[in-house]
Amino acid sequence: MTTPTDKTELARAAGANMYARDRASQELGIKLLECAPGYARMEMKVEQWMLQGHDVCHGGLMFALADTAMAFASNSHNEAHLALNANIDFLRPAQLGETLIAEARESNRSRRTGMYDVSIVNDAGKAVCHFRGRTFGVGGEVIR
Amino acid sequence: MTTPTDKTELARAAGANMYARDRASQELGIKLLECAPGYARMEMKVEQWMLQGHDVCHGGLMFALADTAMAFASNSHNEAHLALNANIDFLRPAQLGETLIAEARESNRSRRTGMYDVSIVNDAGKAVCHFRGRTFGVGGEVIR
Amino acid sequence: MTTPTDKTELARAAGANMYARDRASQELGIKLLECAPGYARMEMKVEQWMLQGHDVCHGGLMFALADTAMAFASNSHNEAHLALNANIDFLRPAQLGETLIAEARESNRSRRTGMYDVSIVNDAGKAVCHFRGRTFGVGGEVIR
Amino acid sequence: MTTPTDKTELARAAGANMYARDRASQELGIKLLECAPGYARMEMKVEQWMLQGHDVCHGGLMFALADTAMAFASNSHNEAHLALNANIDFLRPAQLGETLIAEARESNRSRRTGMYDVSIVNDAGKAVCHFRGRTFGVGGEVIR
């Protein structure tokens, strides 16, 4: 594959490339809606199997959605980055059948580290989670 | 069901009760190994579908394991608690076929809030993740 | 003192009241610039004594500024709230003589808990720290 | 100054060297009790000027103590590390006249990053704060 030189095209190609080999995100039903430089928007629908003992979406699966959005935003420059750590605040439970939208934005990027803020909202646009994570560059490109 | 009066028995019963209705944790292959007052030990095997684009376990699924262990430890007193927020550090990737063990310990418990430290280690006993989360009491009991 | 009924006035009065008895913030040279419902803006100048071994402002003092801003924002409704936990990212060192501006905004407020995002910028408007903290209500009013 | 080759001696020398030029920590009354490889123990007495509006120690000053302990532990190998981010949980207020003891332990150290757990206890040995922070290597040595 030819690596695009335009930054917007590069982000789109890196996103498509990563998504194609990210089996876990596919199995969780996470969809890539948009990947731009330092940005990603993804969605996940709350299915029956995702409910925990209180009949709301398992918090770990909401974290997985946010973490995935950070991964796509942090790799959008075609420089491979991995998650170092993250924190998440659970603001509101997510119900069966809701579609959760995660938007990841680059809040900081230095030579070797990145910081990302991810918000998850539900169908009604209400905040469900706030996530903040940090990544570090591991060398190498995303597009293969 | 009769609610046990002994604390150790109560924790075991609360754990079994929660696990039985926690479909998400079951679907993720998470098993409950032990539930004691302020404590839970759980495991999850890294399956093929759990791998992300770098061919290691998706970080969100490791978070899900840790978060589940916190849920069981924080509900072990038969008082319903929910996760408020959490942070996780990713120390080492987890490979296909490894069994991850999560141990959650109560580091603090006040009238309305709790704090839990969860460590995840792999088969070789190497640290994979450190997780710290906070919960708050929502009123009501766990055992129904 | 008469407690104002207008929300904006109430926030201003709660801020002034708290500031008057907050000796630590005064000693650190922190000034209250604005206090509105769910919001506070404060500043601190980096003095000689605030420098650590690398000749930049001690991270703990930048945290103190952010934490103070959260305290004023979270008490701005005249309901006493205390900090439960917080995380801070250090993005850029602060130099001697710089004036740091902290803005705290309420990102979430439920019956008993609050979440606040605080950004610290330097004279040049560059981001120095991002802080996110959670508070809980302890009962009682701020204005005495 | 001659740089020691023994690891324990090296840590002690790096600690003494850093402390001598860390004016902020000195001004806060923080004392260095011990510095060993990946470890530091420090103390701070709660003075009158450190109290905030509720007449307990300002949380930012407790953070400063914990952050300082992490700095000494992370630089104890004589490789200069800076704080990247940290989170702190406030478990119990600290009163006027109490001496707070902070112990920092290295929970992880890779080529470029470190993770530290710091606990603060009061005179009575009760937990006051839990702190977890991450550092990264900036190149260069501590001892000059």
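Which chain is which? They are A, B, C and D, in the order written, and residues in each are numbered from 1.
In the analysis below, a residue touches a chain if its C-beta (ideal position, glycine included) is under 8 Å from a C-beta of that chain, and two chains touch if they have at least 3 such contacts.
Worth saying up front: this structure is predicted, and the values here are computed from it rather than measured.
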Worksheet, complete the sentence: Chain centres computed over CA atoms; the one at greatest distance from subunit B is chain C
Worksheet, complete the sentence: Averaging C-alpha coordinates per chain, one finds the centres of subunit A and subunit D separated by a number of Å equal to 34
Practice prompt. Report the inter-chain centroid distance for subunit B and subunit D in whole angstrom, where each centroid is the mean of the CA atoms.
Written response: 30
Worksheet entry | Inter-centroid spacing, subunit B versus subunit A (mean Cα positions, whole Å) | 23
Worksheet item: Tell me, which residues of subunit B touch at least two other chains?
Response: 84-85, 87, 89, 134
Worksheet item: What is the shape of the graph in which nodes denote protein chains and edges denote touching chain pairs (line, ring, star, complete, other)?
Response: complete
Worksheet item: Which residues of subunit A touch subunit B in the complex?
Response: 18-19, 21-25, 27-28, 48-54, 57-61, 63-68, 71, 82-90
Worksheet item: If you look only at subunit D, which of its residues touch subunit A in the complex?
Response: 84-85, 87, 112-113, 134, 136
Discussion item. Give the list of subunit D residues in touch with subunit B in this complex.
Written reply: 87, 89, 91, 107-108, 115, 127, 130, 132, 134
